[in-house]
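Sharing a structure below in structure tokens format, with a few things to ask.
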Amino acid sequence: MFDSIHEECGVFGIYDPTHDNVAASTYFALYALQHRGQESCGIAVNDDGVFRSHRAPGLVPDVFSSDELARLGPGHMAIGHVRYSTTGNANVSNAQPLVVRHVKGNMALAHNGNLTNSFELRQQYELEGAIFHGTSDTEVIAHAITRARLEAGSIEKAVEQAMPMLKGAYSLVVMSPRKLIAARDPHGFRPLCMGETADGAVVFASESCALDSVGASFVRDIRPGEIVVATAEGVHSIDTHCGGPSGLCVFEFVYIARPDSVIEGSSVHEARQRAGAFLALEHPIQADVVIGVPDSGLDAALGYARQSGIPYGVGFIKNRYVGRSFIQPTQGQREDAVKIKLNAVRSVVEGKRVIMIDDSIVRGTTSARIVRLLREAGAKEVHMLVSSPPFKYPCYFGVDIDSQDKLIACRLHSVEEIAKENGADSLGYLSLESVRKIAKNAGCGFCDGCFTGHYPVEPPAATPKDKFEEKISK
Amino acid sequence: MFDSIHEECGVFGIYDPTHDNVAASTYFALYALQHRGQESCGIAVNDDGVFRSHRAPGLVPDVFSSDELARLGPGHMAIGHVRYSTTGNANVSNAQPLVVRHVKGNMALAHNGNLTNSFELRQQYELEGAIFHGTSDTEVIAHAITRARLEAGSIEKAVEQAMPMLKGAYSLVVMSPRKLIAARDPHGFRPLCMGETADGAVVFASESCALDSVGASFVRDIRPGEIVVATAEGVHSIDTHCGGPSGLCVFEFVYIARPDSVIEGSSVHEARQRAGAFLALEHPIQADVVIGVPDSGLDAALGYARQSGIPYGVGFIKNRYVGRSFIQPTQGQREDAVKIKLNAVRSVVEGKRVIMIDDSIVRGTTSARIVRLLREAGAKEVHMLVSSPPFKYPCYFGVDIDSQDKLIACRLHSVEEIAKENGADSLGYLSLESVRKIAKNAGCGFCDGCFTGHYPVEPPAATPKDKFEEKISK
Amino acid sequence: MFDSIHEECGVFGIYDPTHDNVAASTYFALYALQHRGQESCGIAVNDDGVFRSHRAPGLVPDVFSSDELARLGPGHMAIGHVRYSTTGNANVSNAQPLVVRHVKGNMALAHNGNLTNSFELRQQYELEGAIFHGTSDTEVIAHAITRARLEAGSIEKAVEQAMPMLKGAYSLVVMSPRKLIAARDPHGFRPLCMGETADGAVVFASESCALDSVGASFVRDIRPGEIVVATAEGVHSIDTHCGGPSGLCVFEFVYIARPDSVIEGSSVHEARQRAGAFLALEHPIQADVVIGVPDSGLDAALGYARQSGIPYGVGFIKNRYVGRSFIQPTQGQREDAVKIKLNAVRSVVEGKRVIMIDDSIVRGTTSARIVRLLREAGAKEVHMLVSSPPFKYPCYFGVDIDSQDKLIACRLHSVEEIAKENGADSLGYLSLESVRKIAKNAGCGFCDGCFTGHYPVEPPAATPKDKFEEKISK
Amino acid sequence: MFDSIHEECGVFGIYDPTHDNVAASTYFALYALQHRGQESCGIAVNDDGVFRSHRAPGLVPDVFSSDELARLGPGHMAIGHVRYSTTGNANVSNAQPLVVRHVKGNMALAHNGNLTNSFELRQQYELEGAIFHGTSDTEVIAHAITRARLEAGSIEKAVEQAMPMLKGAYSLVVMSPRKLIAARDPHGFRPLCMGETADGAVVFASESCALDSVGASFVRDIRPGEIVVATAEGVHSIDTHCGGPSGLCVFEFVYIARPDSVIEGSSVHEARQRAGAFLALEHPIQADVVIGVPDSGLDAALGYARQSGIPYGVGFIKNRYVGRSFIQPTQGQREDAVKIKLNAVRSVVEGKRVIMIDDSIVRGTTSARIVRLLREAGAKEVHMLVSSPPFKYPCYFGVDIDSQDKLIACRLHSVEEIAKENGADSLGYLSLESVRKIAKNAGCGFCDGCFTGHYPVEPPAATPKDKFEEKISK
């Protein structure tokens, strides 16, 4: 919750032939995707070939006032982006969508994911004369597509030809003067789906909850490796890169996605509830109440309660104004820091044996504080369960987990040691076998590299992601 | 949720002899009380007799940057306030705390409640030469105390002598150069409690959740009519106005207070769960799942589910960035407005007979939209239950319910008619008898005037609250 | 220039029977009066008896966006205020106009000046039960008028009856639901004039430059002691307090007022040019060029040049973005601090004997830096002349000169010593006799207490103005 | 003044081996150069190879708070930029300095000027695979240098090899990890000079006034075509592109530069005074007073007055808060719009025959309003003189004059017609011969294409500068 995983990005695109308020639609969609990135956001509108864009650090409702939306003007096509980034990289040059002006046609891109060969591609392009303004992979992708575009007969052909160059995770939305294109890497690491409105607008989004927010109904997921093109003539698909083994990030179901989203045919809420049920089967505990750590532990707690028959309770109240920046507690108040965001409900836990479920443990410090909250509120026993296996390996495909030496599952050797450090009476993780089964109907394969160290795509050599921020001497 | 009740205010005060960071403590406490008022907030710090204050429109983390907190400086005493107000009155003159400079000693006040005789008092004082800068009752209270202070031997004596002048609801925190005082009207309409820290700081707050946020433990509620004074010499109580019949606003338990607060010995979360259980006893329905409308309907839904044995489900996801100002949907998007804040979880309700529980119905338009959300997500039946009786009468004691002609329970004659307008298959309200029993251990009486039209204190004559905003011709 | 005198306030009022955009007119007028106060500003609009107001810290164009002006709404009457205040008192409670809601009729006030008996009045009122929100004299005046109003038959009668209570300097604009009133203290310390537009709007302003900005033509100055009332029936005057000896602040001509204003029939620009001419007569110097310190020394330099025949030159360029807040130079750059705001023009002064004219010397540090600028730019000799006599005494009537122990004319005994500290080859001040003659046609007497220590009204006893900010123990 | 010429840009660079507060130095320098561009600004700091930058729309003191400066961190090298741009292009992508991250070494650029072949270069680069983020020439220059850099042995070699590719005007400051480079196009259209501090810091700036603001003394102008490189080893010059005919923009002396700057050995203030003297010789008029239109007409007025013997007067007061955004006057107040920024001083012009001098006339509407101001203030005659020849042709080298069809000198056929439209009794322009002589010591040639239509470099074909903002269809 405080030291947790950082989602990387959310993307959205709309082609609405019958309405020109695409800026507002994109605004509402980004608002629905806000949980995927709170650091910066942006919208690019295509007004019959003229591109207008705005991007800035901050949350969607802060960055886009009604004045700012009006400045984006009317249009029948738009793309948008929400982004998380570590502090050092929070500069405007990295904000998206990226708008590229080119003699072959303007282009705007929004990207969720992470390339594993961006350093190599970048170096190659630079040695051929290219220049880069920021440090994001998106700029690398833009170069790859633009280079392909010089020879390709169309923008979608250029995307198709560029894709074999790009290794790693990318769910892309690309806008040209007359086309809106969605593309997903051949492994399908990050989700991307398509919807449509009753009026015939075509919509692409990272998650289906964004479709709902603009009144679109879900059509289908973009297939791993697929390119979908929406134009005035309709929608068509390019599937030359489809067919390989897929590897959707399983952590999308555990933590990242919004519970009301449906990914690969599987409800996220239901997947989390199933994770809780599997936990109940794997870790049966005699207890009086099952509670979840808000917000992402709640569904699993409900699943555990249903499976076990132990009553579900509301053990914590989360301050619903969380998310805004606020001042840091001073030295004397540090111990109570967690209480500002999260408070235990004494009447629910007092004198009880409590099962507390969270989605993951990163460093362990927050878990320890939360366990202490329950003890202070009178819990007799605290059994902590985690609805995913222990984090032990880095993610190279778009999720910013902590550095390995800070991960509690790397620092400590056994679950018992972790429980001891957390102050819990017992601790249990969901097994690897079970986490692979939480998404009931999902027909796809999963990437679980963060738990196993085995990745669908070879991870990059020891090239630190932030190398470009480091000292570079001539 | 959109057309709902507006909480009026939250107050806080701290006297911390051993630390001087009272501004930060008040900040965290107001953050915990933010749900009681989002329109403006303020803090006044007492630095050994020098009062520094800041108040402005906006949420706590927006109004108080770390710079602004630093400008408030150190001190061992502070009071704070969060406030809701209707748009017309959202001027700085009405923001609190009110700081009064006077030859008899500076004074700062923060007030939650509503006087019923403020118009008469104001007129009387004005005809005696007083002038008023704003339209708030707090200014009237300040005049009453100041006038008493001219003769009284101490500030607490002045408060004691002023109280018989003040009719209606007031939970007050008053700060003088050397004293921190809490006072509650003889009926105790609004809550007010006292806590203390391990270091000996004394804390007063509208709700106990604010005590938790500053690491204080709950001591007791201020009694109706009681005045509690904290000084360097300790805490003492004045109870000359205690002993009459009490009338705590029952709606504090239904909707206003935070679930983790404890009021008059009764957990708010538990009270809501009990409301759900009573609903299950009064309105048994054959259904497949029980869901709550976030956030205040969730606890009652859980209570209904437990009592009935019907599974509890998470039927809606509320956008957790709600609360920030954002642009209004345009005409074409209006129908989907509710989806931006609230989205149904299809996998939970599809094909099911759903019991949906909300805390209240005001105009009915939002309820109708929420019912429609469930139908669109595939619910087979939607039975709406309300965890309080129908609103039929105005509140004169600090809650801003809608005007009577817009209340659906006044417009329509029967529950069936309301259900029909809402689009629900059936509708049920909690009975008056049950709502009076939801707060299990509360030893106090309740005010339920908004349901019954019977008030503990005579309501004001037909003096519109906003009269001072009206045209005044000379 | 950096350590200089602070103007206190500017006031404005308009009654425009034929247009309702009085908020915008007041905005433009305050913009013209901005030089009289840059710390906060405010506007109150009277819309047929409904008063709407906004006031905040900051410059006029920053405080009033077009949105904010729109919120003030239409109206046929408005008053406005610009204010300087020392940092400690820059709170919103002291910003003006002050709006008072009262059973006898709403009232708004804007005030320029300083009472000498405000402490006594305040104490008296407080002991009779009044409460004060801020520390400004304006609140005291509001109380005095309101008290008189209880008995008086009209608001103008109330002003008339209150005036004998008020000692010191006040140029007031008062707005009631149906009347706009201007009043000036019997000595007329601060200027106040009346204008009218072709459409019949009546306008009051601290300086005539504000009349120009709203297209009004100058009618006449308000007489010392006079009350002028504008209503739908026309304009009438109450002169019961007129006729005593007048004492207009001579420093309005030397420094405070804008050069394009005309006060008491005398052009401010011309008065400054005359000050320069008198300087030339009193201090004839052999030199090659005469330059002024921007902005207020320029006119006197031109006057000296014309009288002496020595060429006038542009010796300094002032950064025209001065006035905005900007960061302070760090230690290593401190010596160059003055250059950021003011730069010497080498081609004008290099190798020349330079006469440099400024309006006043306060602490002397800035003067020393400016002299050094000229030396560094190659000036052979620098003779400094000051277009007013030495400051030796405090002002009790609305100008914030520095504390006496910091005034260079108090610290050092002779003009020679001051010249030496300044680094100038010679130094001369304008004589007291001459400064009294600079306003050619002014029929009024002057207050020159800051030069002589003799004041038209007895100064207050040793009651520090900031007493209310000090510690007050009970 | 309202419809006037827009300066394009100002650049600054500093290499300070002994201090690391280069961010603050750049801030003060940009503040001094603010007159060259008020739309956006930026600073890039080089901290031993790590580049940190910030750029945003707004004035220097608004964009750079002390927090923002602190975020730029310490460093021994920095460059900065102020920029004007037409509204349509005011996007962040075009703001400068441009920071380019590249395997051959990071690079930051700041540019003042305008290329005439940027469209062709851009097209060529794009067809070779380059992508562009914005529409500024600076990005084209960065590409040219980067491409040269792939083969060149050093960054300065790359600049040297890129220069023959770049046609038109450019005064550049380039920063690499270890070098600070200044370069000026072979015609030297825009000024660029070098200074040094007593501590050995090397400074480059568009104008010498920026040297003064950081305590640096002027060393010399960069020669047309010259490249100057500052490193830890010292300063050296590359002059392979020097020696051709130069063409400094004469309008820098007339209007653009600050009067306290010295360009090519000639004081700007003195040049303007000489322009006035030439006007007096070419247009002798019988009059009572000579006044200038603030600010850029003042020096010429003084020059006219000295030459003619007619007294110099201060005819206008300009609101010194001009420059901030403020609301537009409404319909009814439009006529008085000019008065808000500029007010006539009646005592100076009333009953007089007035000579009014301005630096140029663009559309003529403002001139007409200013003439009317003087008439309303009682001027008997108004003779308008312009200290430059009539504008008739576009500038392709960095100044944004209005479109030709709006230029009054293109619309109307004779000076008499213009005078008639302006309402002046007579009108005179400075002759072309004289304007070429105003910069007394300047050893360079001048570009006067805006007056003559003859340019030192062939202007671009009919490629509208804003083509990239136009509709681009695929």
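Read from first to last, the chains carry the letters A, B, C and D; within each, the first residue is number 1.
The definition used in the following text is that a residue touches a chain if its C-beta (ideal position, glycine included) is under 8 Å from a C-beta of that chain, and two chains touch if they have at least 3 such contacts.
Computed from a predicted structure; not experimentally measured.
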{"item": "Any chain in contact with chain A as well as chain B", "value": "none"}
{"item": "Most distant chain from chain C by Cα centroid", "value": "A"}
{"item": "Centre-to-centre distance between chain C and chain B (centres being mean Cα positions), rounded to whole Å", "value": "47"}
{"item": "Geometric centre distance via CA averages, chain D-chain B, whole Å", "value": "59"}
{"item": "Overlap residues in chain A, where contacts from two or more other chains coincide", "value": "none"}
{"item": "Touch-based graph of the chains, sorted into line, ring, star, complete or other", "value": "ring"}
{"item": "All touching chain pairs, where touch follows the definition stated at the start", "value": "A-B, A-D, B-C, C-D"}
{"item": "Touching residues on chain B, where the partner in the complex is chain C", "value": "48-50, 53, 55, 91-93, 98-106, 122-123, 126-135, 142-143, 146-147, 150, 154-155, 176-179, 468-474"}
{"item": "Sites on chain C touched by chain D in the complex", "value": "19, 21, 24-25, 27-28, 31-32, 34-35, 59-62, 64-66, 69, 209, 212-215, 258-260, 262, 267, 269-270, 295, 298-299, 302, 306, 311-314, 316-317, 319-330, 332-333, 335-336, 339-340, 343-348"}
